[in-house]
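Input: a single structure, listed below in structure tokens.
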Amino acid sequence: MALEGFGPAFAFWLLSAITLISAGGVMMARNLLHAVLFLIVTFIGVAGFFILLSAEFIAMAQVVIYVGAVAVLILFAILLTPRSARDNSETVWGAPAALLSIALAAVLIFVIHDTAWSETNSFQAPSVEDLGRALLSTWVLPFQLASVLLTAALIGAIMLVRSPEEEAEDALS
Amino acid sequence: MTSAIKSEPFILNIGPQHPSTHGVFRVKVTVDGERILDAEMVMGYLHRSMEKLAEERTYTQNIPFTDRTDYLSSMSNNLGYCLAVEKLAGIDVPDRGQAIRVIMAELQRLASHCMAVGAFANDTGAWQTPVMWAFREREKILDLFEMTAGARLTCNYMRIGGVAFDLPKDFVPMARDLMKTFPAFIDDIDGMLTENEIFLVRTRGVAVISPELAVNGSLAGPMLRGSGIAWDIRKADPYCGYEKYDFDIPIGYQGDSFDRFIVRLEEMRQSVRIVQQALDALPGGPHSTQVPLALRPPAGEAYARVEGPRGELGYYVVSDEGPSPYRFHIRPPSFINLSVLKEMTVGGSVADAIVALGSVDIVVGEIDR
Amino acid sequence: MNLPFLVSDKWYDIRDLGNLSGAILDQLDKVLPYGLVYVIAILIGFIASFLIFVLPTQLFLGVLGERKIIGRIQSRYGPNRVGPFGTLQPIADALKLIQKEALIPTAADRWVMLIAPIVFVAPAVLLFAVLPFGPNMVIADVPVSLIYFLAVSSLPVLGAFMAGWSANNKYSLYGAMRIVAMAISYEVPLVMSLLGVALLSSTLSLQGMVFWQKDVHLWMIFLQPIAFAVYFICVSAELNRTPADIAEAESEIVAGYLTEYSGMQWGLFYGMDIGYALAAAAFASTVFLGGWSMWGLEEYVPSWLIFAVKTQLFYLLFLWTRGTLPRLRIDQLMAFAWKFLLPLALLNLLIVATEKVIWTQEELGDGIVFLFAPINIVAAAVLVYAWAKVNGYRPENTPKKPRMVKDATGYIPASGGGR
């Protein structure tokens, strides 16, 4: 589906507005929980962009992973944070950060605008089957490396939350 | 549950308005996540000053008060009080009155254990079904009470020197029919819950009371027997001719919630046995001796105890030869059984605390009096 | 999708309501400006699926059936006062709920509390978009509809979390914490069990799975009983239904994340709980029970009717467990997900992968599934039992009857057949 016609164009602008406003909300919200809720809306907006680009699988993965897992994990982290350290406060870094991000945005827009994009008219969206084949043939090494990394992270997380008693038990056996 | 992550303990009020406190009872628990660090009982929301009120009324007028302490077993409470006054005044009860008292007390135990078993299953999360089944059977017993005493819950049936009325004509056949069908219901509940793996993991090893704690805490009834202690007032200090009936005392293994549950179930089977024997050997004769309405027992004191559904139910009455007791005191089994709640709950999770509270089988009217 | 068989494409063919809506849309397309017809198509799809599926099933079979059937399980009648046989009870309930004031506590996070029911309800409607009601009757035939379903069904957890957090009540917070913990844990075995299904049928499309089951003349439940069992348990946990309703455990934490809600806000949560259960039942009947296909019966009976009946039968399972089972504790539930269900789902995946390799490498025909099915059923029984044994399942070690003594002799230590 190309970005032509009324429907897709309307969807694009709507999604852009939602994503940008909620991304702004993430920064502006004083309440940490509100910031996370805005972040979730941003994730869903990005998933909408993927659908517009005919990448349904990636869109669904975006929702499953970012909304279903990452955001929920962040919520969990907030639940375990002491109330006193929970909310955002004013910092002196606000103005410099704003300047820096404006500069970065300017550079990015400049680059995007000036790049000679190669355009194609015969675009066929890759199916899930193509993705799977690519992951298990051409890109099998990075795929496996990512799996090993995630397993290491998983084991590390378990090690981090073990209680001293459990460690003592393991040392004895 | 146990982790290196530091979390803030906070105080959670379970009750006084809570679905699982069986009345207006409150536990203030300090929790770290789901784990309970401390539990503090707060009671007295239902205090009606019964012991003081009883000092202003005659001995007979006090019987309705005993209905309203443990409102789930009014017959047993009537019985305990009447026994105490009879002991004080030296009144004998005719054989038929004794047998009717035994039948009523055991039917009351069945009704009360129906409630206990059902509510306990409800506390473990079996959404309403066991409690409804138990209520269905309890209603049939309450029907028997209604046709005999005229009331279902607060029967006010026992009198000093016997019982208020003789049994109606239909009572014996109806009670026999009910006792025929009752074991099937107990087997239903038994099969539904004790064969259920989820129920087992929720109750086994939860809220364990060691035999030492059970004795030191002065526990009684299924709470005590669940910890493996063979003790039953009906055997140890028989009253109303309990020595004539053949029944067994069920005792548990390690004193967890599950043991208390199966002890209660088995006690129901034994109660059915007792009622059947009592119905078969129901003697004739008067149901009550004539006792003066304004009874003035000789000065002195008397303590009588019965094995109520919740344990040793004691009544202590002191007379100064006046028409009303000089002092009137109740040993409420719920209140004393509840005293080990902290030991039962600390270290467990919030869900376990609810199971522990359910396994005590409290009646708040009796705790606060 | 190309449909060379089954129903005709005449608009009056009631066996497939997609024809009718298609005919209406074709006519509309000639009159309306470009693009608008898509909007109308979506509207018609949702209205139709609500009218023929969600509304009757949810209101009458969901709310009323739940209360009636659970009433029967509990040996009582259930609602029977409003309307004939109590059929108007759901409407009376809804009217009552709408009249009630929706309270918001002073200390609550007002906006989050107001938005939470909306966040909870919206995905329930979206879920029905990909479920195939018939060969032509699917609102959005997305090629990755399986993943779509998983993605959207992970959203209501956020609504429940927002509800629990914003109410500023300790019981609500407990509910929120529990539901988040459960959602993370049970998502893993759930997806693992569905991986096997996707692997065997070589498609991620729900419609494709129905066609696959129709082509091999065997439902997925017979080929992958483990996956079905794991799916059922996980989905009960995710939907907060007994034995895993710890997030709104009535006897423990009052009503969990719903403690402070009242009026129609509460009603939305309650109604959509049933909506999600129906969606999960519909999903299960699509993936495991052959969806709208029924060994040729769909040629004569409207396929959407077959689908609805299967969904309701599966929904009965939810009611049955709700009426009979006690509730597990949260740590037991977590251990069950990670130590029991996840390894089982992985083993199931291994079996399925092996069979798939044999099937494709040896170029066997579709008939081979009739050999796989008994093997898998036996393997499932053996695996579940063996894995339970490994995990310490010893039912014979539990004395189910108390010891009996004749006399009040004091403490008797438990010996022998003890614990």
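Think of it as A, B and C in the order they're written, each chain with its own count starting at 1.
Assume contacts are C-beta pairs under 8 Å (C-beta built on N, C-alpha and C of every residue); 3 or more make two chains touch, one makes a residue touch a chain.
The structure presented is a predicted model; accordingly, all values stated were derived computationally and were not measured.
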Innermost chain by mean C-alpha position: C
Centroid comparison with chain B (C-alpha atoms), farthest chain: A
Distance from the mean Cα position of chain C to that of chain A, given in whole angstrom: 28
Averaged-CA centre spacing for the pair chain C and chain B, given as whole angstrom: 43
Whole-Å gap separating chain A and chain B, where each centre is the average of the chain's CA atoms: 60
Chain B-touching residues of chain C, taken from the complex the two chains share: 70, 73-76, 170-171, 174, 242-243, 245-246, 249-254, 322-332, 393, 395, 398-414, 418-419
Residue ranges of chain A in contact with chain C within the complex: 5-7, 31, 33-34, 37, 40, 56-57, 60-61, 63-64, 67-69, 71-73, 75-76, 79, 127-128
Footprint of chain A on chain C - complex, ascending: 34-35, 38, 109, 112, 142-144, 147-148, 150-152, 154-155, 157-158, 161-162, 165, 173, 176-177, 180-181, 183-184, 187, 204
Complex contacts: residues of chain B adjacent to chain C: 1, 10, 12, 18-20, 34, 121-129, 132-133, 136, 190, 192-202, 204, 211, 215, 225, 227-232, 235-236, 248-254, 259, 262-263, 266, 349-352, 354
